[in-house]
Structure formats: C-alpha cells, structure tokens
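Before anything else, here is the set of structures, which you'll find just below.
Consider the two complexes below, in which chain A is the common component and chain B and chain C are the respective partners.
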Partner chain A sequence: MSAEHPVAAVPGDQTRIHNIGYRTYDGPRLGRSYATRSLYSQSLRGAYGLGRSVKSKVLPMLLFVVMCVPAAIMVAVAVATKAKELPVDYTRYAIIMQAVISLYVASQAPQSVSRDLRFKTVPLYFSRPIETADYVRAKYAALASALFVLTAAPLLVLYVGALLAKLDFTDQTEGFGQGLVSVALLSLLFAGIGLVIASVTPRRGFGIAAVIAVLTISYGAVSTLQAIADAQNSTGAIPWIGLFSPVTLIDGVQSAFLGATSAFPGAVGPTHGEGAVYVLVVLGLIAACYGLLLRRYRKVGL
Partner chain B sequence: MYDPTVARLTYRALLGRRRALILGALPLLLVAISVVVRALAGADDQTASDLLGGLALATMVPIIGVIAGTGAIGPEIDDGSVVYLLSKPLKRPTIIFTKLIVAIAVTMVFSALPTLVAGFILNGNGQQIAVAYTVAALVSSIAYAALFLLLGTVSRHAVVFGLVYALVWEALFGSLVPGARTLSVQQWSLAVAHKVAGGDLVTSDVGLTTATVLLVAVTVLATWYAGQKLRTLTLAGEE
Partner chain C sequence: MVHVTTVDHVTVIATESLSKRFPRVTALDRLSVDIGAGVTGLVGANGAGKSTLIKILLGLSPASEGRAEVLGLDVATRGATIRERVGYMPEHDCLPPDVSATEFVVHMARMSGLPPAAARERTADTLRHVGLYEERYRPIGGYSTGMKQRVKLAQALVHDPQLVFLDEPTNGLDPVGRDDMLALIRRIHTDFGISVLVTSHLLGELERTCDHVVVVDGGKLLRSSSTTDFTQTTTTLAVEVTDTDDHPDGTRALREALHARGMTVEDGGGLPGAGHILLLTAQGEDTYDLVRDVVADLGLGLVRMEQRRHHISEVFRSSDEERKEAAGHVS
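The block that comes next holds the complex of A and B.
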C-alpha cells in the first residue's frame, strides 16, 4: 500500500490525504435477490409490528384477533350444536369482515411505504443493488402476504374446526380451497389499491384516511345503487354496478366461479359471462396497481 | 380565543396543495351518485332518505371529520413542528379552539353542503329531507371535529382510532347492538334532524334532549381536554 498521495502540486503546500488504512470488503456479496428478499421479509414482519415498538404491534395484532375470534366462535357453536355445516361459507367470511380487512390495509399500507417517503429512505434502498421493480415487488408481495395471512387464518380456524366437528371432509376441503383462492385474489387487489394510494402521500394519517375512503365509500356507493336497482326491479343492472368497488368485485368473482352465494341484493350474482368480466377487471386492476407503483417509483426522492 | 394566524396556517395544512382536491372528490362523488340515482329511479323520498342517511351521514361525514379533525393538529405533532407553534405567546386552549373552528368549518363545507345539494337533486327537498340531513351533517360536523381533534392530540394513531370509532362502532356495532346507538354521534345528530323534518323518514334511537345534552357535553369536554393535553404535551421521538 502506498503511504501517501500528494494532492496539490503547489510547492510548499503541506495539504495531503493520508491513507489511514480503510480496508476493502472482500467477503461474499449477497446480491440483488437477497436484498429483495430481505426487504420483503422486513416489510412482512413490519406489517404485523414485529421488530417494531410495542405500540405499533397493538393495532395489527388486535385486528388479527378480531378477524379470528368470530371464526372460533362459529366453530364452537357448530361443535356444540352438532350442526351439519358451518354457519358461514368459507367464501362469505371475508365479505362479512370487510371492515376489519379495510382497516388493516388502511393502517399498514401507509406504514409500509409512506414512512420511506417521509424520511427519504427510498434513495438509500436504491443505492443498494435493488432496482425500482424489486422494491415495488417486495413491498407489494409483503403487503399481499400479510393480508393473506390475515384473511386465510380465520378460514383455517373454520376448516380445522369443521374437521374436528366431523363434518364431511370432501365438502369442507372444497369450500376451504375455494375460500383460499378468493382471499388470495382479495389480498392482491386490496394490497395493490392500498399501496398505490399510500405511495402518493408521505403523510401517514392522510394515507390511512384516503385508503379507507376509497374502500368504504366505493362499497357504500355501489351497494346503495344496487339496492336501488333491486327496488326498481332492474336486476340486470346489479352485476354491472358491482364492478365499481373492490369488495363487490371479489364477491362477484367468487359467486360466479367459486360456488359462493352472492351478497348482492336479492342474491343475484353475476352469470358466468359477467363473471369473466369480473375476473378480467380484477386481474386488470392488480396489473394496473403494479404498473402505477412502478411508475411512481421511477423517479422518487431524487 | 380565536387567532387568525393559527387559523390561516391550519387552513393551509388542511387544504394546501392537492389535499383540497382529494377532500373535494368525496362530495363530488356523492353529488354524482345522486344525479345517477335521480335519473334511474326518479324522485323518491325513501330512496333519498336511504342514500343521504347511509352514504352521506353514516360514511362521508365521519371520514371527512376524521381527515379534518386529526389533520388539523396530528401531522404537526407527528413531525414535531408543533413546538414552533407552542413556543409562541398563545394560550394552548386558544390554539385548540382556533383549530377546532377551522376543522368544523372544513367538515361542514365538505360534508354538509354536498348533502344539501344531493338532497335537492334527489327529491327537491320533499318532506324536508334535504334540510333535515343537512342539519344532521352540520351538527355532527361539530361533534366529530371536536372528538377527532382530541384524538389527534392524544394518540399518534388518531386516524385509525377515529376510523375504528366511525366505521366499526357506529356502523357495525350500531347495527348489531342497539345499546351502542345511544353512544353515537350519528344518532344524536339524527335526533336533531328528526326534530327539523318531523316526518317518519328521519328517525333516531335517542331522544332530542338526551341527544342535545350529549352533543354539547362531548364537544365541550373534548375541546377542554384537548387544551389540557396540549398544555402538557411531550414530544416523543419517532418509533
């Protein structure tokens, strides 16, 4: 190692930069996929407050418990009364508990992305080997997984309980499978919508309110319009109105293809043809959310 | 009690930049929906009452109340810039009172006004429905703004708790457990609206006297306690 480098050639100038022995890193470099995986697992843990302060564990854990307790009660009732089937379908459960799911998305989506924007840590992530797409994919996957855990756990409780109560095995397994597919779609859709809205604002509180507003107001508006269409006997319009809110979209998909009874007024679910439109819209929305997030993070904090 | 500078700053924090647009989107949606409903279903008192009660009063007013109430003070406490405000020779209750006035005004403009417009679109104020729900929205704006402003000074997660109250307690429990309705701002304001409209379309589970007493009590107590909280505010670090 050379000891010193003269910087200025000005004669008589004593300014120098000394090599004080910093060593280069020659250990293993874990690379881009490792960084992405770490970001994913940290975001997923963060979505339940793990590795964060006690205060930030309270809300996600509370919502998780609130999500699972009704399922446990239903199982207990079904076992105690020796019922032939569970009081609620697997596919219906998430629709009933939609307020809790919406609150969870609204509280955790801004937690996941808004703070990175507010404290300007996004450029730090991008100074690592990860790319925009990796960041977006890791965050999206983490929130979707967290939502899937939230929505699938009560279904698991119901399923295990149903098997313990010696209900019909094939019947229950089929219902459980359909329920899992439906909540997987729901998780992807809700996570995408939540992240897109939250990534626009660096202010957490505003993000929460905006996500809730989009989810509940659209549902309120759509179900009001559907009720009016039902009262006007224009039942043909009901499925088409349902295309305009996330919850009714999932409801439509599962009642068209996953054997669920629709929560639409008059229980008029979409037909298979309309159901195909529902599936297309859901997949299109998920893709659009992903695309918007990519666009959002193309130029950020720089 | 009212400080114009604090008010101006709060207005800017609430409505500055693109926030006014987002806040304005909700009322626009309500008006758009009522136009669609009027075109589809024609003027019908029951429909108008359902839409205004279900969408405007039960969902929109609380959400705007949460945004305005917590937004008036929450972000400042959150990022610590409230110390610059607190270090000025202003009484803390004055700051709270000013912010409350601003929050009430914003909530009223963005929720009660569109309710009135939507009501007139839906059935041309038949049976006083539009006026009744507007009164309900005005009254509940005051109580919501005071409540959520208090929440903003008490907790960092004020928005979530406010939404839990508005959506889970009032909407979910209120529809399942009748007792929960007695402790609901929405029902109190409906009681006032019932008095205005007189008919059977706007009803409440709470008597007018109880409702008025509770409304005034909640507003005054929340404002007073928020002032007390602000007097002893400690700034915690970011988690």
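The block that comes next holds the complex of A and C.
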C-alpha cells in the first residue's frame, strides 16, 4: 500500500506542471468541402492500411503486390524475348486478375464503412459541418480511387515495360488509354457494389463474405450459363446473360467500345447496340449504388 | 407564476413552442425555453425528449412545429454553421478501438474544419486539458471507461466551440469518475469559456455543477430555473445515527426530537437499510446546525449527514408541492 502512494501522486503533480491554461482557437475554419476532402484522403489512405495498425496494412499491400507481379513478369518476358507485342491486352488484365480485385473490395469496403457503423462513429461526423451526401461521396470516391490505384498500377507497369521493349508507341498508348478507361469504370462499379453491401451490416465478417459472394457467385453463374448457351449454339443469348455480373458487364463494355477481345465463350462480345445497353446498365448501377448509400445514411443520423 | 431566470443576458439557446412528433410518439411538446451562457443541465427521465432536442438543436432533424435558435442562428436554415461552432458528445460509445486517441481526435478536428497543423496542436492541448497524458498514443481499445469518456469529451472540444452538448457524460462512471467528470464540465465553462448543455437523468449531480437547470418530462418543460433556486427548496438531507443504551432506537428518538422542534421528517423510503435513515428538507445552513445540536443533546453517534442525490421523481413531487404552496401563500 505504502509503495502505491507516491505513484498515485505523480499524475497530480504532472497536472500542475503542464497546466498552462486553455488557449482559444482563432485560426481559420475551413468548412464543409475541406472536411469532405479530409475524410476522402483519410479513407483512401486507410484502404491501404496507412495510418492504421501494421496488421491492417498486410492484406491490401499483399494484394497490391499480387496485382503487379504478373505484369512485371510479362514485361520481363517481353523484353527478354524481344516480342512484337505484350502477352496480354491492357483491357484483359483486370479480367484475368478479377479474383484479386474482388478480394480487395471484399476486405476494404467493410473496413471503410462497417467500422463507422459498428463503433457508432457516424454520429460524430454528422454533428460536424459535413452532410450525409458529403460522407457518402467521400467514402465512395476513396474506395473507387483505391481500386483504381490497384487496377491501374499493373497497367502502368505493362505500359512502361512495353515502351522499354521498344514496342510501337501509338499502339501501346492507345491500348493503355483504353485499359485505363476500362479499369476506371470497373473501380466505380465494384466500389459501389462493395459499399452498398458493406453499409448494410455493422459486422465486418458478414460484409466480407457478402461482397465475395455477390462478386464471385454472380460471375460463376453467368459464365456457366454462357457456356451452356454456347454449347447449345444459342450464341445470341450470351451477351444478354453477361449483363448479370459485374465482371462480365465490364468485359462487355470494353469489347464493344474499347477494342478488347471478349472473355465470353467463343470470344463473341456484344455488338455496338448491345454494348450500349451494357454501358447504360453499368452507369445505372453506379448511380443506383450511390442513391442507395445516400438513402442508407439518411436513416443513420445520430 | 413567472419562471424566467436567465443566468446571463446572452441567450445561447432559445426555443419557441418547439414540437417534434413521430408517427406514434410526441417527443417534444411545445417546448419554449431560453438558455443563457454558463453550464445548463437538461434533466429528464429516459425518453423525456432530451436527445431529440439535441438533434433538433444541431440542425439534424427538422422540428414539426415551432422554432429554435442556437447562438442566434436558426436551426432550420443554418445547421452547418451551428455545427461548426458547437461540439457534441454522444451518450453511447463512439470510438474505434484500433486507433490512438491522438489520431482519432486529430481526424475529428479536421472534420470540424481545422487545418492539419492546427488540428494536431489543438488535439495535444485538448487531450491534456481533459486529463489524458502518455496513454493518448495507445489504441483506444485498451482504455478504461473513464478514459474513453475523456476522449469523447476531447473530440467535442477540440475545435474550440462556443457551446457543447454533452449527452449523459457521467453514464457508466464510478462515483470518483463521476465527480472528476463533473469538475471537468464545470471547468469547461469557468476556464475554457465554453457554454455547456449537459443532460442527465440524475438531478442531484447536475445541481452542484450547473448554473441553471431545465427539467423536461414527456417532451414538456416541467421547470426551468437557476440552481440556487433549486437547492434552496429541494435539498434533502439524509441523516443516520447510532443507537445508544439511553436510546435503544436512536432513529426514533431523533425523529421525535426533531419533530418537537418543528421539523418535518420522513423515513428513507424503500431503499435498502432505509429504516435507519431519516430524510429531512434543509431550509438553509441552520438546518445542519439544528440536526448537529439535537444529535449531540441526545448523545447519539452521527453516522452520516449528507445531501441526497435526487431522482427525477422527487422533482415532480416537489414541484407539485411548490405549486400548492404558491397557491397558498401570496408572495
């Protein structure tokens, strides 16, 4: 007991020494748009575990490396063998790596929104100048940007590698540009779907499982149906079936408009007319996700 | 009967027949109240409409009827401006466990519009003022309830607001933690110059901290007065004495002796061990002296003499009594 007393006295002493009185703040208050930007950058950094614990950096960083390594190997092979073109199209890369992208969305979408719901941090945001829409926009933009970084980085590796291998500059630049447009669409679509699902549950585990289920099961079901349609020679149905999973949607858009070869069975992509439907569905889905998120958070309040 | 008692001439919060109706319940019913600078307690049972009022005052929920102003700004149209100048500490847990207090409060400061450098500086200052030192670099998950309450308070103060809303800040704290928190709340006004609206369902603890107390029940204003008025009329004294050989039932002896001197004395009610506790209304300093003298004369041992923490129900009772009294006496 007696040994405890001096220890207990220490905090009191510190209070006296450090207490230099309260200082008011007269500096600038930067308001709503600054707060929204701060939330955006915090969420974007958080999507790669920056500013968070070491443990939470592992998965996103690992997935980032996994995304980029195949691109680096392809480039190395192309340079070494003096190939005339890259082994994969820019537009095809994300489709090949879709499992990694889905895993990233599944792990980071709940991280971004479920935590705020679970630990009830949301009311603290809404008791500040930002509005519901600002919160949704910041979170959506942050996850979409994180996904864009994840999907565009390997394309950049391919592009730089292609230029080093002295492949045709115009061809490569055009392909790279098309690839960027495609992954930008993919990022917006995947981020929207991931956030809508994650924002429904405060439980992170459920969020992860649900996002993986929606992204992979829909792709599995759609490609199986397409394969069946192909086997039964009803090739006309293939593009329409493709409208029902996020990955095949992106595949359809880029094979119709971005010069990609389709990953659909028989490599038959949608025609321009069908492609227009694809674009409308993708844009519609992105808008719907945004709308659903707004509705979701309007209810949360304090 | 006129009940308007302003602590200061500055009105910080003003509501005018403010009502909030939900499909099934009326959360606020034509509430009109003027709250000045200083520490104001908002007392009411759970579901009395305290949280609804705070939501409306933050401009987050539109009122069904009536109007309200915070810092002279209309809540219906200037919500964002109000939220920039006001701090809010929620009743429930709101802290992520895996970040440190410093990181969290810095982030919240930036969400209030403070530039990055100012956010860091204000965070260090504010955490020190609420009494968090080295532990502020550790993840919040490992904090005690008292420390978490301090972090919640810090995030409400970090942007140096003109007014803070504290929703049940003493919830879940032990008696010592409660007293620390109440002292801190007092300092928010006296040392930091920030006005405070603090809610509680315990009137007793607010009496000692607040300049002004507003009591709501069922969304209606029950009473609004300065705490000096309050303590004069409603301080209840709990007295417990020992038995002696001369007085085998000391409690009864004391009750009779006090009765003889014209004091109204009640039993402790249904509380455990209440058989030995006498409750009496303190009219002022004299009452304490009287009890002391009577106990000494009887030769009893005084076990305790303390101010009772009122429960909200006592306010209802005493305000009823007061009304009768006011009707009886013409003052």
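Everything that follows uses one rule, which is that the second predicted complex is superposed on the first by the 275 of 302 C-alpha atoms of A that agree within 3 Å, B and C clash if a C-alpha of one lies under 4 Å from a C-alpha of the other, contacts with A are read in each partner's own complex, and residues count from 1 in each chain.
To be clear about the criterion, contacts are C-beta pairs under 8 Å (C-beta built on N, C-alpha and C of every residue); 3 or more make two chains touch, one makes a residue touch a chain.
Note that the structure is predicted; figures quoted are calculated from it, not measured.
Of the two partner chains, neither chain B nor chain C is touched by A:284. Of the two partner chains placed around the shared chain by superposition, chain C is the only one that A:120 touches, whereas chain B remains out of contact.
Of the two partner chains, chain B is the only one touched by A:231; chain C is not. Applying the stated contact rule after C-alpha superposition, one finds that A:204 touches chain B and leaves chain C untouched.
When the two structures are aligned on the shared chain, A:52 is found in touch with chain B and with chain C. Contacts of A:32 after superposition: chain C is touched, whereas chain B is not reached. In the superposition on chain A, contact of A:106 is made with chain B only, not with chain C. On chain A, the surface touched by chain B in one complex and the surface touched by chain C in the other have residues 52-53, 56, 119 in common.
Touching chain B in their complex are the following residues of chain A: 52-53, 55-56, 59, 99-100, 102-103, 106-107, 119, 203-206, 208-210, 212-213, 216-217, 220-221, 224-225, 227-229, 231-232, 234. Put simply, chain B touches chain A in their complex at residues 19, 22, 26, 29, 33, 36-37, 40-41, 47, 50-51, 54-55, 58-60, 63, 66-67, 70-71, 74-75, 78, 156-160, 163-164, 167-168, 171-172, 238-239. If you check the complex, the residues on chain A that touch chain C are 11, 14-15, 18-19, 21-25, 27-32, 34-35, 38-39, 42, 51-53, 56, 115, 119-121, 123-131, 301-302.
Against chain A, the residues of chain C that register as touching in their complex are 51, 54-55, 58, 60-61, 80-81, 83-84, 86-88, 90, 92-99, 103, 107-108, 110-115, 118, 122, 125, 128-129, 131, 133, 139, 155, 159-160, 191-193.
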